[in-house]
Amino acid sequence: MIDLALLGAGRIGKVHAEAISTIGDVRLKYVFDPVEEAACSVIEQCGAVAASLEHILDDHDIRGVLICTPSDQHAEQIKLSVLAGKAVFCEKPISTNLETTRHTLEVVERNEGMLMLGFQRRFDKHFSALKRKIVDQTYGLVEQILIISRDPSPPPYSYMKASGGLFKDMTIHDFDMARWLVDEPIATVYATGQALVDPTTRIEGDDIDTASVLMTTVSDKQITILNSRRASVGYDQRIEAHCAKATLQVNSVREDSVLVLDQTGISESPLENFFMTRYKDAYRAEMAHFVDCLITGSAPLVTGTDGLEALVLAEAAGESLRSGRQVSCQI
Amino acid sequence: MIDLALLGAGRIGKVHAEAISTIGDVRLKYVFDPVEEAACSVIEQCGAVAASLEHILDDHDIRGVLICTPSDQHAEQIKLSVLAGKAVFCEKPISTNLETTRHTLEVVERNEGMLMLGFQRRFDKHFSALKRKIVDQTYGLVEQILIISRDPSPPPYSYMKASGGLFKDMTIHDFDMARWLVDEPIATVYATGQALVDPTTRIEGDDIDTASVLMTTVSDKQITILNSRRASVGYDQRIEAHCAKATLQVNSVREDSVLVLDQTGISESPLENFFMTRYKDAYRAEMAHFVDCLITGSAPLVTGTDGLEALVLAEAAGESLRSGRQVSCQI
Amino acid sequence: MIDLALLGAGRIGKVHAEAISTIGDVRLKYVFDPVEEAACSVIEQCGAVAASLEHILDDHDIRGVLICTPSDQHAEQIKLSVLAGKAVFCEKPISTNLETTRHTLEVVERNEGMLMLGFQRRFDKHFSALKRKIVDQTYGLVEQILIISRDPSPPPYSYMKASGGLFKDMTIHDFDMARWLVDEPIATVYATGQALVDPTTRIEGDDIDTASVLMTTVSDKQITILNSRRASVGYDQRIEAHCAKATLQVNSVREDSVLVLDQTGISESPLENFFMTRYKDAYRAEMAHFVDCLITGSAPLVTGTDGLEALVLAEAAGESLRSGRQVSCQI
Amino acid sequence: MIDLALLGAGRIGKVHAEAISTIGDVRLKYVFDPVEEAACSVIEQCGAVAASLEHILDDHDIRGVLICTPSDQHAEQIKLSVLAGKAVFCEKPISTNLETTRHTLEVVERNEGMLMLGFQRRFDKHFSALKRKIVDQTYGLVEQILIISRDPSPPPYSYMKASGGLFKDMTIHDFDMARWLVDEPIATVYATGQALVDPTTRIEGDDIDTASVLMTTVSDKQITILNSRRASVGYDQRIEAHCAKATLQVNSVREDSVLVLDQTGISESPLENFFMTRYKDAYRAEMAHFVDCLITGSAPLVTGTDGLEALVLAEAAGESLRSGRQVSCQI
C-alpha cells in the first residue's frame, strides 16, 4: 500500500482525493489544509488524517504529495517536497513567474526529484485518441492545428485578478495541448485579445477575456487558439488537426445523447457545463498515471518542463498582445 | 424537339411543367385543365397553349402526356392516351380501386403502351445512393428495413377523405420504397393504426393518421414502416437498411446547414417542410428520365405494375388493420 | 456501514462489486461462488470473504444480497433470501418460466420482501433524460415508440441455448423500456423473426437472431422493437419517441468524439462495443439506488412485477412468432 | 425581355449562361469568346449568337454584360462596358493590381455605372441564413469569426502562377465573407503561410498553399481564416460566429445524407467536391439578383468597392507574411 498526502483540500484537491479512492494499492494518509472545514470534508470522505506540512514531509511512509494549494504556494512546496524525497504531483502552474519556475525546476533536477504537472487534458480519452491518430501517421503530417477553448462563463473577478491573466490561467492548457500535438518547438507567437465579455476586466485588471492566438512551429505548421471566458452552450473544447491526408476533429462533449426534433429544429443537449464533470475521467486517469509512475519509477507523461514551456508561450502571447508584434520563441 | 401535353395544371402539374422547362429538346405544347385560372398560370410560365383532351390526343406531334388530374380521372385518361398512341407519365395512383387498376394495366399491355408512374422518391439522390449501396452488396444482404415517413401536418379533411385513406395515399410511397429496396416479393403484411393526431379523422371518415406496418419478404427480411400525418420538425423521411456488414441510413434533409449553439443546446435547422421543396431535384430527375425513355425507347424505371403492387400492399395493410391479423400477399 | 453479500462472482457480479466499492456507507462482506477462482478475484478486489449461501443468510448483519448467479438459480435464491429477511437485488430474469416467476413473486409478496430487478437501462442517463422529457409532457403525448437494439455480435451458441431465446434474453430489456416509457398496459403483441445472422441458431436451437416486434397499448400507442444479435458498428441502442409536439431521440453512444474527415467521408468512431462499458455508469447508479432503497426503506424503481410483465410480453412475442397471429395481452 | 451578353465562355461563363436560362424575362443574346469551341458550346446550349466585343457594346438592346474572361482583361472590359452604358456583372477580381482596381472604380463612378462583383458565397443559402441570424441580433454581438476554407486539391501550377497568389485568388473570398459578416472596417491583419502541400509552389512561384490569417476589426472583434489548397474530404467551407449569446456555425455541405455504420465507425458521405456543385444554387441566386437590380435599378449587394476592399486585405496579408509583422489597414 502506497501512502500519499494531499496539500490543499479545495475543489480540485477533492477531485484528486476521490480519484485516489478508486485506485487499488494506494491511499491518502494525510490531508493538509489550513481551512479546517475543507480538510474535514476530504477526511470524512476518504479516511485520511489532518496533518501539518512538516509532519507530512517528515513521515518516511509518505511516497508522494499532491499539491493543490493556491498557485503562489506551489513553487515553495514543490521544493520542500522534493528535498524531503517525495514524488510530487502539482496542479498548474508551478508559478506564474518565469524566473521562479526556472529556479524551482533547477532544484527538482539537482535533487533528481520526480515532478508531474497537472495538465489533465492529455489524459482525456478523446484528445488521447486524437494524439494516437496523429502519431501513427496514417493521416500524414499535421499542417494546421485549431484549438477552440471557451468556458461557460467567467470566474469571479477576484479569481481572474489572482490568476495571472487569461494566457497564464486559461490558454496555458491550450499551449500545452498545442505543444503535445505538434511535438516540435514553437517558433513564433502572435496574439490578439480584448475584454469583450466584461469590459471591467480590462479597465480594472488590465486583463482580457477573449483571445485569438496564432503560432507557427519550427517546421512552419500553423496553430490557432481561440479563447473566450463565456460560451452559452457550455464548456466548449474542440480541437482540429488538419493533416496531409485527413482532417481530424475532437468535438465538445454533450451532457447526454438526447435529440429533440420540433418546429424550432433538431436540438442536441448542451455541452458539459463544468470542467470537473467534463474531465472527470481524465482526472482519474491522470492520478492513476502518477501512481503508476511512482510504482514503476518511470518518468511522468507531463513534466515540470512542460509547465515551463507552456508558461514561456503565455509570456510570449502577453508580450505580443502588448506590442502588436509577432514574438519569436527561444527557451 | 419533342412535344408533350400536360393534363391537370394544379400544384403537381406546375412542378412537372417547370421541370420540363429545364430539360433540352422537349417542350410543353398543350395544357388541359377545366379550371381556366390554373391552366393560364402554367401557360404564362412556359408558353404552352390551352387545349381540350380530345384536341391533344388528336395531335400527332404530341409524343407523351403527363397526367396530373384528380386521381379518379387517371385510369380513364391513361387508357385514352395509350389508345391514342401517346406515352404516359401518370401521378400515383392509377386508381385506388384494385380492379380498375388491373383493367387499366391490361389495356396498356394489350396496346403495348408506355406507362411510367410517379413514385418520385426513387429519383431522390439520397435514396438512390442508398439503393446503389444495397445493390453492390459491399455491405452484405439486407436483413431489416426501417422506413420512417412523417408529414409536417395533416392535409385538409376533404383531401384525406378523397385520397383513399392513409395506406393508399401516404404509405403507398413507402410500400414502393420497400419493394424497390428489398427487390423481392413481400410475403406478409401486418398493420396497426389509429387516428391519434385528429380523432375526427376516424369518427367521420373511418381513416387513421398514425400507422405502424410490419412486413416480411419471401426470404424472411423484415420491413417496418412508421407513418404519421404530423411531425412538428418538418417533412421527416428516413430509411435504415440493416445489412449483414453495415447499417445504412438516409437522414431527413435539413433546410440549411446552420447550427446554433446556446444554453438550450446545439440546434440544427428544421427539416424541409414541404414535399415539393424536399423532392424538387427528384421531380426534375424523374421528368428527365421520362423524356429519356421517350427518346431512347427504353422501359421506365417505375412501371404501372409497380403502382399495382404497391396498391396490393396498401389493400393488405387495410385488411390487416380491420381484422387484427397478419395478411399473406399474393399478386 | 451496511453489509451486503454477492451471490455469483462472474462477469456481472464483478461489475456490481466494483460499483459497491464506489458507494459510501456500504460494503461487500461475503462472496458466494462455487467457482473458487471467480470468488477469489472479487475478494481480492474488494476485501470480502468467501462464504456459503447458508452462512450468508444466517448472518444477521447482512441486509441485502445481490443475486448474479446463473439464471436457473435466481428464483430459489430470491425465495431463500426473502425468507431470511434480506433485501434482494436480482439480475434478470427471475426465471424464464412464467409459472415459476409468478410463484416467486407470491413468496416475496407474502413475506413483504424487497426485490429489485436488474433492468439497468432505466438508470442510464440518456434514457433517463428521455423518460423525464416524456413525463413532463412539454412535448405532448407519446404516439409512437421505436426501440432499436442490436448487439455487436452473437454470444456463443451454448449461451443462447440456455438463455430462453432471443425474446426472453435480449428483447426482454426492450420490453421493459417500452413499458417504462409508455407507462400503460400493452394491449397487443405481434412478432416476426428469423435466424438471419446464423442459420444454425434456428436449425439446432429453434431460436432466432433477428426480430421485429410491433405492439399497441390500451390507448392505441404504437411500439416497434427491432433486434439483431449482430451490428458491425457496435452496441447499437437507440430509442425514438414520436410525440404530439416533438420527436425525441436517444442515439447510441460512440467510443469517443473523434471525427476523421478524409476522401471516404466524415467518420465518427464506432459505438461502444460492449454492454458493460456502455452501461458502466448505469450499473453504478442502479446499485446506488438499491442501497438508497435499503437505507430509506423506499420501494425500488424496478420491481419483481416489472420482471414478470416483461416476461409476459416475451411469451406473447414467442406465441405470435409461432402462430403468425397478433396476441392479446392480459396479465 | 432583357438582353444580356456573355464575355468569356469558359467554365464559369457556362455556369452563368445556364443560370440565365432558368430566369424569366431575360436571355443571352451574344457570346464573346476568341476560343470558338467554347463560344459554340454555350451558343448551342442557350441559343445565343457569337459576336465581337465591339458589336456587343454597340448594340443598344444589350442592357448588361457578364464578364467571365481571364482576370487580366476584367478591368479594361469593365471600363469599356460602363462607357458603352451597360450594366456589368464581373467575376472577381477586378484586377490583382490595387492601382488598376482603384482606377477602374473611378471610371465606373464617374460614369455612374452599375458594377456587381461575383462573390457568389453571399448568395449561398447557408451563409445567408448565418448573416440573417447575426443581423437580427437575437444572439448578441459577434466577438469571434472563424472561417475555414479548404479546397479539395490544388489547381495546376500554371493556374496558381497567374492567379496572383493564394491571398488574392482564394482567401479573397474569405476576406469578403469576413467583411460582410462583421460589417465594420478591419483594423489589423496578420498572416502566416507556407507551401506545405507542394513545396515547389514556393520555390518556383514564391507562393504558399496553406495559410492562417488573424485580423481584428475597429471594435476589436477577432477574425481567423484558415486556408489550404488541399483537403481530402472535399470542398471544406465552414464559418463560425461566436456571439455574446450563442455560437453560430455553418457546416460544410455533404454530397448526400447517407450514413454507413460499420466496424470502422459511422461515416457520412464526403463533402461536395467542387465549388461549382457546392455553389450551384448560389450562382443562380447571384445572377437572379443581378437581373433584378437591372430591372429595378437598385444597387447590387456586392459592389466594386467590395472587390477593392477585399483586395486591400489580400495585399495586407501578403505584406504581413513577408515582414512577419501585423499590418494596419486604411483604405
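Labels for the chains are A, B, C and D, by order of writing; each one numbers its residues from 1.
The rule is simple: a residue touches a chain if its C-beta (ideal position, glycine included) is under 8 Å from a C-beta of that chain, and two chains touch if they have at least 3 such contacts.
Everything numeric in this text was worked out from a predicted model, so none of it was measured.
Its interface matching that of A-B in over half of the contact pairs by residue number, C-D stands out among B-C, B-D or C-D. The chain pair A-C and the chain pair A-D differ in C-beta contact count, and the higher one is A-D. With centres taken as mean Cα positions, chain D sits 58 Å from chain C. Centre to centre, using the average C-alpha position, chain A and chain D are separated by 42 Å. If you average the CA atoms of chain A and of chain C, the two centres end up 39 Å from each other. Taken residue by residue, chain B touches two or more other chains at 231-233, 236, 245-247, 260-262, 269, whereas all remaining positions touch fewer.
Of all residues in chain D, only 141, 143-144, 146, 148, 150, 188, 190, 192-194, 196-197, 210-212, 214, 216, 220-222, 224, 226, 228, 230-233, 236, 242, 244-247, 324-326 touch chain A in the complex they form.
Per the touch definition, chain B reaches chain A in the complex via residues 231-234, 236, 254, 260-271. Chain contact summary for the complex, chain D toward chain B: residues 22, 24, 45, 125-126, 129-130, 133, 139, 245-253, 256-262, 269.
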